[in-house]
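As written, the chains take the letters A, B, C and D, and residue 1 is the first residue of each chain.
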Amino acid sequence: MGKVNLAVKVGRLELKNPVLVASGTFGYGEEYAQLVDLNRLGGIVVKGLSLEPKIGNPPPRLVETSCGLINAIGLENIGVERFIKEKLPFLRQFETKIIVNIFGYSFKDYAGLAAKLTAAGVNALEVNISCPNIKEGGKFFGTDPTSAAAVTKAVCEETDLPVFVKLTPQVTDIVEIAQAVIEAGADGVSMINTFPAMAVDIHTRRPKLGNITGGLSGPCLKPIALKMIWEVVRSLHIPVMGIGGIMSAADALEYLIVGAQAVQVGTANFVNPRTALEVIDGIEDYLRLHHFKDIKSIIGSVLIPK
Amino acid sequence: MGKVNLAVKVGRLELKNPVLVASGTFGYGEEYAQLVDLNRLGGIVVKGLSLEPKIGNPPPRLVETSCGLINAIGLENIGVERFIKEKLPFLRQFETKIIVNIFGYSFKDYAGLAAKLTAAGVNALEVNISCPNIKEGGKFFGTDPTSAAAVTKAVCEETDLPVFVKLTPQVTDIVEIAQAVIEAGADGVSMINTFPAMAVDIHTRRPKLGNITGGLSGPCLKPIALKMIWEVVRSLHIPVMGIGGIMSAADALEYLIVGAQAVQVGTANFVNPRTALEVIDGIEDYLRLHHFKDIKSIIGSVLIPK
Amino acid sequence: MFLETAKVVEHCHFIEPGAEIFHLLTLSAPKIASSAKPGQFVMVRVGAAILDPLLRRPFSIFYQGKDTISLLYKVIGKGTNLMTTWEPGDKISVLGPLGKGFKIFSSEPQWLVAGGAGIAPLCFLGSRLREKKVSFKTLWGLRYKIAPALMGVIQQKLGDLIIYTENGSLGYQGLVTEGVKRLRQEEKPEGIYACGPLPMLKALFRWTKEEGIAMQVSLEANMACGVGACLGCVIETKEGYKKVCRQGPVFNAEEIKWEK
Amino acid sequence: MFLETAKVVEHCHFIEPGAEIFHLLTLSAPKIASSAKPGQFVMVRVGAAILDPLLRRPFSIFYQGKDTISLLYKVIGKGTNLMTTWEPGDKISVLGPLGKGFKIFSSEPQWLVAGGAGIAPLCFLGSRLREKKVSFKTLWGLRYKIAPALMGVIQQKLGDLIIYTENGSLGYQGLVTEGVKRLRQEEKPEGIYACGPLPMLKALFRWTKEEGIAMQVSLEANMACGVGACLGCVIETKEGYKKVCRQGPVFNAEEIKWEK
């Protein structure tokens, strides 16, 4: 049987296959390098970076829920400078795209991050305007189309790299936000980020997380994310990276079929560090089984009965 | 050991215990009467009623997902007249509160339903402004504070029964909606309804539901619902019925501890028809174990570390 | 209708090279067993502490013992896959008996036509027909052969069967829908009871209509409650949507809108 | 660090009336076994097709065989509950060895102080100390007695132990923290390795500080990745947050901010 073509172009970002690993779930890549051949990944989205290092939230930072995980890491990171010096050279060795996830507390923060990372040389930026863990900002930018557009603009003015804006699901109308960031210059959107969530220890009657609330990820989210992506794709026809509870090739295929042009594997990396590789293989098998020669034949191919 | 007091008052609605069964998951009560002693329930919220009967959505109407269920029943119901004639007399036999869930397509529909049911004699109304399955309305009322308030007003003007407004989780700021309906006269809010969701059959590439999209329920939703309720209770201090993925007494207790004054068991009825009874017993055991004499001691008792 | 904590009494796995795999689960559930009728089904809870899989799984009653019911099933997905690990002594929550069963036709001969796991409700029905001394024939379509031990179990309940396999590894080669046409040359049935995949039932319906033969079919639908409460399991009939769990799973084939 | 498909070789359930229940799971996992050091842990995948429980569960290595590792565990919730159903031959995904192990103190005598399942990493350590002919004593605090068979397994690895049980059903009655004080009257240890519930470790730390005894502790935290990628398992140390999975699970007791 002949080779199938897995390469996709998401906005201006060319990927050899549509399977990336999601921000915050794969560290800076090196943590998993012993277990996963990084060269095989479509791309690596690194842990969210801010201008200055951040120490993050007090523990406990993790709670498992039914088919889900709530995290309240609090965007702990080493800061953009140390990333460029200590982590980027390692990542550059691999034949995969490096997408850097960034977040800040002002338009200037975002602009500064974009400028520094563009100069350092990465393949794309993912702008987190949606992290629900952090009190100081994040949520604000992502839930209002005007601010979301302004952040996007601030980033796009400082970079010629492909820019993806990562959306929070906790909005009344995600299509409106997606449209605003695309009009402001983004190449596409990454959706979805974690959903604000909480858990309580009934015996101590205290929240299970040090930060009280956190963000829910994992397979429990998939049906919600899929619906949102379908709405965005059919309304706006824009490039989307699908994220949310992808545990298998079948999950990834659902996203591609509703119209995501790439997918990111998040929480599943913890459960099986080789999930992304198995997803790539599984997509290839599926295409062969159904006699498709090119992944592009299935992207957005969902058949909606009249 | 002495008896513990489980009675609660949610707004003006007095319940002998805080455990109800949720609308749409317990039919009109009679379906489960052989299996569950209805006299033991705090209340029964019956399947959503409209002025006219509705035939609902084309099948398939159900898909199971990871720790969840997507339904697209499409609010099939026999209409308020037949309910009053055929179902209400049966329900009235039991020593439990009958709360009727209503939905419509105009303020007039809601007002008409409220008037008819008040005349017929039920214990409270639950106003569904949030069903995501139905294209003609529903969602519209629930996502905008002004419309939500207007529907509430329309209902409250026609009834002196306690009124609960059932909120959809797919909004940017649920506190704002809750506040609007309370100011418009509601006794409290029921939260949450199902979350808009979707699933695709990768082999046929068709949506798994006849209606394309549906509403997600089940344990996957619990961390999201809990967070929303906590936000509403701490901001507004209003009566809340907690709903979402309650499978056990422990789940129900999480809701009560964050401040819900009652809970509704939904999807769990399908998994174990006796869930609500087991929740009641489990809450009682918990109160005994922790030496509480009254359920009210734990409602809203979550300890937030400074 | 009872919610019973049943105990696994026996679990047979009919696995053999080149054969279609079936599992036969016998549960001690005295209340359900004593009230079950052919064509009725039960809903079995698969997880207990775990919530994935979440919903109960519906299975027809394959046969009825004094205090037991037996289910014959195939592995489809995660629920049935987990079920295969159950061992004698395990306790399982079972809800049933559910739905309306078959109505026995008043004249003879009658035919039972099964496809795959669709044999399950027909086996229970067939053993009832034997008790009542109703004359009937059974046709069963499969993809491959089955383990001889399973064949023994079924023959003991049902008597002889006519088997069709797609690859010819047992009985006649071909589809069971060809089988009915061939058998029709020998006799005209006064009524057919059928259970199997939808394409098979559709083809059978077209044929019975041409031939003017009455048919009852046992249908499947995704189910949540099994008792008529969720309104999730509807199929389209000539009188509007009907609930498979409550108004079915057995329907007169004439009622169903097959084009849907 | 390896991601290995391990096979269950043996699974012993130490269940006895009035005794604390432990389970001993032996897995064939040659790569992990050959590189594991005392104090390291593995993360075991509990579900496979099912996604509840979702995350891997962390367990210390209790002892190391030629190609095997053994885990000693207690049932806490749904994950460990499911684990008890594993049988020889079952295939399990194991990630490890993870984290930093114990550093062997340079002078003697040394003490191993365990609470409950905290014996697990100390047993592996103790057998290593015996190989190295380091002189040490072991104290183990439990709530109730344990099955004699388990005691046999542990004594074989560790030599003799001093046992404290809360109800006095085995060894001395009382807490292990009383035990260290009593033993201190006999000898002053040059270093202590400890693993157990947080209150025990806190109490031990206060005491070792007063006494001027060095201590290494093996800590627990909720974990998602086990490899330092998710930043979820931090504890507060004097130098800021540290990852239990990567910079631990063994820490010098001095480093930890115990008041948190």
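Some points to look at:
Operating definition for what follows: a contact is a pair of C-beta atoms (placed from the backbone, for glycine too) under 8 Å apart; a residue touches a chain by one contact, two chains touch by 3 or more.
Remember, it's a predicted structure, so these values are computed and weren't measured experimentally.
Ranked by C-beta contact pairs, the top interface belongs to chains A-B. Distance from subunit A peaks, on a Cα-centroid basis, for C.
Centres computed as Cα averages put subunit B at a distance of 46 Å from subunit D.
Here the spacing of subunit A and subunit B, counted between their Cα centres, is 33 Å. The distance from the centre of subunit B to the centre of subunit C, each centre being the mean of the chain's C-alpha atoms, comes to 36 Å.
Counting only residues that touch two or more partner chains, subunit B has 66-68, 218-219. Counting partner chains per residue, subunit C shows two or more touched chains at residues 51-53.
Taken as a graph of touching chains, this assembly is fully connected, with contact between every pair of chains.
Residues of subunit D touching subunit B in their complex: 51-52. Looking at the complex, you find that subunit B touches subunit C at residues 24-27, 31-32, 34-35, 47, 55-56, 58-64, 66-69, 71, 73, 76, 218-219, 247, 267, 269-274.
On the side of subunit D, the complex with subunit C involves touching residues 47, 49-53, 78, 81-82, 85.
Residue ranges of subunit C in contact with subunit B, taken from their complex: 1-3, 45, 51-56, 93, 95, 221-236, 240-241, 260.
Within the complex formed with subunit C, the subunit A residues making contact are 66-67.
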